[in-house]
């Protein structure tokens, strides 16, 4: 589910940032009656995400000009793989609308597709294991809803959306609470009933303490595959396990094979290579 | 100049996205009276950008809790290089404020520092040539003001901020206007007097036509070093030259040595590796 | 935790609604230099909630007038019982600020205290049982964050904050999914890992099916005490139970004694009698 | 008149509060192509108010999903009485839209209908007298425009909308102005010409002073029926009279029979029992 | 009363319009540590209005730069006359703040002082008569609250603030209602009790009808002095009279001498000559 | 280009200011089913600007009432001259919509047309010379985008839109920078490449220094025609010249004949006489 009212708000903000007091190049060079057909084409392999956002950008630019929104025909839907040279979408409408919208639409689409492609690659690398690839809160400020959606389009799953919809007790919370036991008990006493308690553990000793106090999920932070394996064995049947910390293309398979339930990767959203897409007027 | 009223608005949006109906972990585990000291530490080499944004995030979270803002002492100012293990900032204040602000502050700081570091690296690679590294409009929607600032902190310069403060006639504008000559003339007739006319050219022939019609700047799109050199020679003394298109760490030096005035690089902002920073409670 | 940045936004909205183009009575009759001391006094027994909101209202009205905010000394803190005639807060400052803020501050305080008082009464009625009193999503549009806070101040606990932080499969979802089993399985497959699955059941048969498919919580809708007791016995050790539907002061004790874990009451927030508070200038 | 642009803004705020990062239950269990028909049904007797608000909620949720708005056929219009079991509205459209909108639409409709029903009951109790039932500023912060509208739908009339559209000199204004005479004269000298002066009086003596200084309306605060009668006699033909203070179902008739022009009742909006409405998928 | 929270909102909007992505001239030429003293000086005679708005602009620009707000010492307060060469305000603080704020602060101050000066001139022209000079709704969109305040500073009084706080039945309402009698009766039946009924009349005949149906105020539209005199005589003691329509410096005295109570002048706000003020760095 | 999304935002703000809690006159006197036809007619000669804004106002008021937008047929398009008695637009739709929208629509249209008319008059006065009439930043706060558009509709051209899209070094910047040479060099070193450097000069000496340091445009401030002529001769072929300061209908021709390229006039927007337009129901 992608809340299109939220998407509209985000798209308008981006357009306002780019258009400001007006697209002066287009105003001076493009006749108001000119219409065009255009393609959004990929120059590399990847996975598409963000088509409804791109479509919204074109629709809103049409409102800027007070004209009908361009026809926007999606050829590669969100979540679908795309090959170099493949057409992702066809657009037809006023040339001014297409040119003013182009950059903003691509900025969304390239970033979201970059995330989806990276996620899909990671998911592919752990295929056959029981591990699931999940994201983190290391998203671009203001775009979390889009980036978490892109992760899903790449075949990943979402960890919590924010500080409000899950409990994750980290080492700093433990210090402040006066101990791992105290922290978990305080959380259990006051937590909403539908929300489980996840605790960060750096050592096998901490994993044991977390299990004893009744943690439902354990984040295994920066452990070696050997230690991970040991932790997973301890937790089996008692708590869900999440491996976290510096996971890369090189290490993800070995981590997955330790039997962890979840592998969270900040780089899915904090270090993204935009997918190389371009808009071509026909 | 970084408009701190705009920064505050962006920071509040990011915090609202992350905090939502409340930081439930902190509410349950951290005593209201607990205070802490913390360091923001780098785990790799790079260039810092975004300290005023991070400081604003901590100040706004203090308002969320209705308490005094934490002391925030900057140890590595924007634009300064940083080494692994080096402390970038020291923070002291209520533990709850620090923990609730941590992720959002780092999300800004890591992305902006990543941009600054990448820019500084590119600037370094062309040292000794007359070429300047500039950015593009391929920025994260909603964060352009921060990302263009980060480019400056990395030693780069800014191209236009949006569609409103420069004229850049691309091939699609030329088509719609009915030719390169027509497009440039239309732009000259109506352009604000303080703004120069830049035109995109893919071939030497187009460079010639642009010069003849009086373009002030020419964007040389995806040309080989040899062609670039020829174009630069033609333009010398008549128009500023900008090389653009797929510039990488590998190619940037050779491009700079052709004598172009400006090298614009979309990847400075569209494909960023976050700088690895973390917050550690002491 | 009460997010005071959110509270400020809500307070400003309420003040704008009340002040509009200006408090003409005060402007015409109160000299700008006049200062006063005032008490907020209760005329009945109850529980206080909303003091930080009231304080924020006075602080914002001071900004409307461009003067220092009045001194606001809380005498009955949120969550504390109050008796008829008891002073809840003392205020000292410009008379104009106090009179312009009075009604809006009381509107918040009376409603929130009304909710806290009602919740505290319900909590009191089930004392000695293991049942917890929780709220619902039947809150006043725009004020949910305040009303859920007031429930906590009355000793109740919060059910989910919205559609986003819990899964509650109701009969209509079951119909659309094609059956209770299908609905639960679909939810389990895609739900965030920290969030448990709650299912509504109207009959013992449905309770059984929900348990078999692995529901974590079961909402027992409008059941008689006898049926409740049977359902609770079935769920013991397998799923949390929530009694819901038309719970009143008269019925809540008997329901609690069936052994249910949670009793949710919409009327805590949808049908509230404001606590009778008034502001008196000394 | 109900400003639907204002209603849209209020509805969007309420939806954003409830939907947040997404309706996860519906996303997981309801197929996107599923459509349904539903009824909004009353479970008790009352008066309907808020149909345009409910319709707006469904229309906006359709925008959230990017689909056509559901058909919304009103069967009991605002201001009409409703009986237990009677259908108030019929809805047909995407199941996801109906289920995501349900709670927010009902939250508005139940509160507004509760106000209308309570008002209608009070109006009924004074039938045959010349007294009119009016509301106060004791409304829910942020919803005044809806609640004052609901009072009108119940057959009541509105007192002032805010501090800006009427002059009501209360005892605290009188103190600050230095006396009742001084307050009224100051108000008369500066008041907009279309706005009359209302003054609060607690005793017959104060009523006399207010009349002598030329007040146009007198608020008779917390007087016994006997005193009210005396005050009304004094004011006849010279000023409008408003009885105020703790008016209940039990006392309203006796107060009306004293001959007062207006009876203002804060509880119409500050202590409302929501009308029991539910949405049923057919 | 000037609502400074509203003023802040208006000032921020104006600054955002002017500063956009940054004051590039100041950023490049003014050293961050430079401080200055400046005077706002008048170049002509007039009346000052808008000092709190100008002060707010400087304070908000200080927030843009993240520095302390400049000292702002008012030498000519709102409502005071000013002579050519006279200093209206002294400012001391960071040069960058002063230069970035200058134009926006003056734009407010010059317009508001222009209105105050024009109003004061009109008030002066009718001195000795009983007529009061009032404004209309012909204000600049978005600035009504400031412009009505400026009228008061010039010694005028305010007509209604908007469509919401007075009833003014114009010829078009009369047509739609089916006659002057029908319109007035409908208004009387439903109008809030504190609001009087004003009716527009073009002829003596219409004045008579309005009086008979009980209008409280009559707008005498575009009448000659002779007709005005006749109308005023008819209304004496029965309704307030307002002369309206094309009132100029030349005609206002003669109109005032007809005995009308109020003279409304749209040009006070719709056709304003800005007062010639400038900011000079010392 | 007039950004209609920005126009909508401005129109909604203006309507909210005027309608507030409701158009009570129209609500009480105009039957909901009443429809009308109306003309917007000019009472004087001028130039029209703002038709899309007026149309937007009517469209938004239709949304306020929840009805179809009125038919709005433009008879005098933006930039066209209009004569006394000429119909500028025809409107047909619900009477309530037309009457509620009337004043706000006219407020925009009269101001913008006033600006266009004044500009056209100035442009006419310099006909045959090479001088162009341009505006300044002395616009109404919040309406710059509309007022700069109106200047273009009158045949003028726009100077910079704000502090962000041009460099204009004034005497205060020069002082702070430590000299004209220092200021220009600093600006050249850091300015975006597409933006030229304009410098203010009060004397021929300053013109010389500005030219020597490479200024691209020179603002000739308050010079006599003789000095202007001398300055223009010096700058010919080296820099664009702009005459500024107290330009009036009387002086503009003589200034234009000195050969300056641009004449900037603050009064185009800061001292406007509204064009006399009215709406007449047929």
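First chain written, first letter: the chains are A, B, C, D, E and F, and each begins at residue 1.
One rule holds for everything that comes next: a residue touches a chain if its C-beta (ideal position, glycine included) is under 8 Å from a C-beta of that chain, and two chains touch if they have at least 3 such contacts.
A quick note: this is a predicted structure, and the numbers were derived from the prediction, not measured.
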Farthest chain relative to chain C (centres taken as mean CA coordinates): F
Which of D-E and B-E has more C-beta contact pairs: D-E
Interchain centroid distance [CA atoms averaged], chain B/chain C, Å: 45
Whole-Å gap between the CA centroids of chain A and chain C: 33
Chain F residues counted as touching two or more neighbouring chains: 19-24, 26-27, 144-145, 161-162, 164-168, 190, 192, 195
For the chain C and chain D complex, residues of the former touching the latter: 10-11, 13-14, 17-31, 34, 36, 95, 99-100, 103-104, 106-108, 110-111, 114, 137-145, 161-177, 183, 186-187, 189-192, 195, 267, 270-274, 281
Contact set on chain A toward chain D in their complex: 1, 3-6, 8, 52, 144-145, 148, 161-162, 165
Residues of chain C that touch chain E when the two form their complex: 12, 15-16, 19-24, 26-27, 60, 63-66
In the complex, chain A residues that touch chain C: 134, 157-161, 164-168, 190, 192-196, 198, 216-217, 240, 242, 261-262
